[in-house]
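Pasting the structures here.
Each of the two complexes below includes subunit A, the first together with subunit B, the second together with subunit C.
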Partner chain A sequence: MNSQTNLSGARVVHRSVSASARAPSAQNDALARKMRRRGQKARFSWLVPTLYIVFLLLPIYWLVNMSFKTNAEILGGFSLFPQNPTLRNYMVIFTDPSWYSGYINSIIYVVLNTTISVAVALPAAYAFSRYRFLGDKHLFFWLLTNRMAPPAVFALPFLQLYSSFGLIDTHIAVALAHCLFNVPLAVWILEGFMSGVPKEIDETAYVDGYSFPRFFIKIFIPLISSGIGVAAFFCFMFSWVELLIARTLTTTDARPIASVMTRTVSASGLDWGVLAAAGVLTIIPGALVIYFVRNYIAKGFALGRV
Partner chain B sequence: MLELRNVSKIMGNETHVSDVTLALEHGSLNVLLGPTLSGKTTLMRIMAGLERPTHGQVVFDGKDVTGVSPQKRNVAMVHQQFINYPAMSVYENIASPLRLARLDKATIDTRVRKAAELMKLTPMLDRLPLNLSGGQQQRTALARAIVKDAAVVLLDEPLANLDYKLREELRAELPRIFAEAGSIFVYATTEPSEALLLGGNTVALSEGRITQFGRTIEVFRRPDDLKTAQTFADPPLNTLAVEKRDTRFLLDGGVAIPVPDEARSAPDGTYTIGFQPHHLSLSPANPDAVGVEAKVTITEITGSESFVHLAYGGFPWVMLAHGIHHFDVGATITVFIDPRHLLVFDSDGRAVRRTPLAA
Partner chain C sequence: MDKTWNNKAWFLVLPVLLLVGFSAVIPLMTVVNYSVQDTFGNNVFFWAGLSWFEQVLNSSRFHDALVRNLVFSLTILAIEIPLGIFIALNMPRKGWGVPVCLVLMALPLLIPWNVVGTIWQVFGRVDIGLLGRTLAAMGIDYNYATNPVAAWVTVVVMDVWHWTSLVVLLCYAGLVSIPDAYYQAAKIDGASRWSVFRYIQLPKMHRVLLIAVLLRFMDSFMIYTEPFVVTGGGPGSTTTFLSIDLVKMAIGQFDLGPAAAMSIIYFLIILLLSWIFYTVMTNYDARR
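Up next, the complex of A and B:
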């Protein structure tokens, strides 16, 4: 008896709630329609990025695909997957000195160049960010104009200059030549990062008793470490992909991989598979380096001014 | 003793500090009081050695240290921004000046812990400064300045970027900390109330010049000139141009204010009188009070007090009235000036008072 009244009471309450919910139904319907439409929009929102990624990755996928195929398959037909997967192409690269020495040469001059560029750019960027001197702004802009000329412009003067110093076909020649592009870039990136550090930190350190070198190494470098990472990455990348100057200044001993890749015509024709494998291996260092600075890349592209 | 002798600093064609001569004693607290751009920071940077004066000398304990670099000066400095070394823990931050002084580990440890205790940082010693609140970051900076036992400690508006509560809290602690150390403290601020709370001496600055230097309370009560009185008043000092006739200042409308005793002997003529907002009231504070009619421009109510902004002739006044008062904008009300607290300045802005016979 008691429980029944309770039940009916509950039902009454329930009904009254549903009645009140029905009252402003016109507004609710409109809201629901809007939400449904937005839901439909959201259902296709994956489309554009997916297409974008597919188009971006397609050539890279095709390169990887080819690198595992035999030459016969590459030339014979069209297949999305390697029908007879093979590692022969990679074996050729890792066993033939004319191939793997290309990678070694490239890595040597790229690392040399990155080290020199960052080491030279650090004090320069500090001066630009901290001191005012005659023509500082002009000099700073002039640095960047070095990047505006195509490398071909410099190929000829470099060739004669380096040959007169007997530097042709050495790693240091390419490393130094690439500094022309990379030092200004590193200065710009590092200056941006350094200007983000308040000048008062420098002054507090001097007042605390830090000498300049000690302050620079112990306090300042850790503060801009991400900037150094980004600058190094950009130097690495530009030096790694640059072909024209690197090829002009080298003949055999310091020949970079990109140059090796352009001369793969052998007696039996073009070795497509080996070329594809070389391409895959050329992408890997850049991908590795980008992984370490992935969080700062955007700031780097904005030259540290974000 | 830290002395500045005829120090000037000119950058480009801007004069930041102009002919400053100042002597600060060991164990003293000196407040540099002045509005922004009055040269407080430049003066501190000159004392720290971060900037070289264009003219003049900086002398410390009788030795000329004008061109000496900050590393060799035995100074410490705290900025308005919270400046710490982000890559080091709070402990390492506080310890860094001691490590540079090549003290042994045990000494460093005891001194760091003592400074941390003083600044209530003991639980945060292992954390990185950027993970602390603003107040804790600034306390770290203060601890680093104090742990060094520097001869001169420079504090450039250290509390300006802190929120109200923390500012009150630290401001209450600072005098105690200053008292414990025997250093020359220099404390820059734009707030007159901060100077009064800290006590010590005050250097009133205006446009790169020292307008007055003396005990804080003296400078506040008996400013030497109108500039100092204006610097040292928040809300701004009320001023009024008056004609002195014998023992009375004549105002428009036949109102007369009795001339304070110490200005009685001054010759007749035009003077500027100044008085603080709390010396203006709605009812006469004493029998001498003089009522004048002024127009209300705005009323600001801050809890238990009201700031009534008035216009009297062409002069903007502020009255600090206890309690909550509502006035219509444009209403004319009678306010009373307390003549016992008048500051009298001559036409050059110099305070008029009887010069003591025994100078």
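Up next, the complex of A and C:
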């Protein structure tokens, strides 16, 4: 009520006196009101993000909780905390080759894919951000369609393509297949970052007698190193989270952890504890680096367009 | 930025062209090839014309999956976009709360998709899950494996859990780019909370919101892993979306012809959507 009257009073002041000639008291009044409003807002606005974060963390908490329980405890009782915390589930994963090799396989093809994607995307992104050339817009659009293409459409053709090259169940097959959506992603993100670097830098370097490769490696790459980091992170992430293509192209030797996890049914039923522990371990890579890319997450997911 | 016309730039693009061409064009050609041929086995193929396309376009199975997928996409958009805007508006702008919010909110985005499925699978189970147990204790009949409504609610809530943060982060990026002077001017004019939102914040978020809507629509339109892990497309086929149906047809039943024809139709829809996305994007870039 009080703030309401204040507000209308201020409006009268504002209308009767021109802005430049406003009395200092009115200015102070406005400032005080603003601060009061901020205070009121701040008292309740923290509630919304907090509730949302609780909603986000609750299912993850449950998974972590389960990963420290024995199967008997998971199935037998219901408790918010593990009664007898055990590391057995993690021990199973770290000692059983069929489990830990899943992680190794995943990491091998993800790293391969990230390296290939960023390496080929760098010159292409530079071309798109600096030059106009025949068919550039069509090409850029075509790249986008590959990022947007449903992996389900490509699963079967990939299976046949890579089996005709004898590459089924190899890491390189999955790495190459994931290039389908990761190379366009890397090109778009890097193009976004490169367009933020003024063109004068290139021109100055060329005037100073730098050749293109030397300029690119010595000057340009250090300038967009954060962009490269973000692009690499997103290639890593999207290759890491993908299941359909990775599962289709592998059988035993290069089987990714995601695919191992979908078949935890053993003779004694589902091993929930180990499944939960495996899930927790797959979250860790993302959780470890998330702090470093926190300001670029929106940009990366939006293909460098924010 | 002014760009110089230089066709030599093609050499810089060539590696990308070859690599993506290898993993996109060749598979697509295979699909086109299968979509117009039929076989009796032994790798003997004969021309089938457009009969597979007619079959797929007339089949109720495809229609149902398409409608299901559209309903799903529109539902999650209707929830995630307003919710995302609301949360972004209430996020702190400075102080220690900013990195905490950003990191915690981004966490679901970085979880492997099948683990997202696993998380909700165990979270929702009536016998061992926190959610399932709680709902059962409240007397609500909830079992996503047998009850279609429960399965749908689980898949939608899971997607909201998984992807709302993307909308939040995009909107937040749009909001922090608004200069303080705008808010001060609004304060002086005595603008209400709603007018500040309607005339200052919403126009400034226009661009990021468009990206958010398009990305969410396209990604939900090809959703596969999460519902596959949680419900496997069931109960019955109530959560069988386009991708799940296609994989069932292509790799499960090995129906190459119909699967290929469906792939092409699916891909054309995606192509149209990508074109809308691209046009919107380049228009904005040009105006910038």
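Everything that follows uses one rule, which is that the second predicted complex is superposed on the first by the 254 of 306 C-alpha atoms of A that agree within 3 Å, B and C clash if a C-alpha of one lies under 4 Å from a C-alpha of the other, contacts with A are read in each partner's own complex, and residues count from 1 in each chain.
The working rule: a residue touches a chain if its C-beta (ideal position, glycine included) is under 8 Å from a C-beta of that chain, and two chains touch if they have at least 3 such contacts.
Being a predicted model, the structure only gives us computed values, none of them experimental.
With both complexes brought onto subunit A, simultaneous placement of subunit B and subunit C is permitted, the two fitting side by side without a clash.
Looking at the shared chain after the overlay, A:V207 reaches subunit B, while subunit C stays out of its contact range. By the document's definition of touching, neither partner reaches A:F81: not subunit B, not subunit C. Touching more residues of subunit A than its counterpart among subunit B and subunit C is C.
When the two structures are aligned on the shared chain, A:L223 is found in touch with subunit B, with no touch to subunit C. Between subunit B and subunit C, the shortest distance over C-alpha atoms in the superposed arrangement works out to 9 Å.
For subunit B in complex with subunit A, the residues that touch the partner chain are 45, 48-50, 69-71, 73, 75-77, 79, 81, 83, 85-87, 96-97, 100-101, 141, 144, 148. Against subunit A, in their complex, subunit C makes its touches with residues 1-10, 12-13, 15-17, 19-20, 22-24, 26-28, 30-31, 86-87, 90-92, 97, 99, 101-115, 118-120, 122-123, 127-131, 133, 161, 164-166, 168-170, 172-174, 184, 187-190, 208, 211-212, 215, 218, 221-222, 224-225, 229, 242-244, 246-247, 250-251, 256, 259, 263, 266-267, 270-271, 273-275, 277-278, 281-282, 284-285.
Partner subunit B is touched in their complex by these residues of subunit A: 198, 200-201, 203-211, 214, 219, 222-223. For subunit A in complex with subunit C, the residues that touch the partner chain are 7-8, 10-11, 14, 19, 30, 33-34, 37, 45-49, 52-53, 55-60, 62-63, 66, 74-75, 78, 116, 120-121, 123-124, 126-134, 136-137, 139-141, 143-146, 148-161, 176-177, 179-180, 183-184, 187, 195, 199, 237, 240-244, 248, 258, 261-262, 272, 275-276, 279, 282-283, 286-287, 290-291, 294-295, 297-299, 301-302, 305-306.
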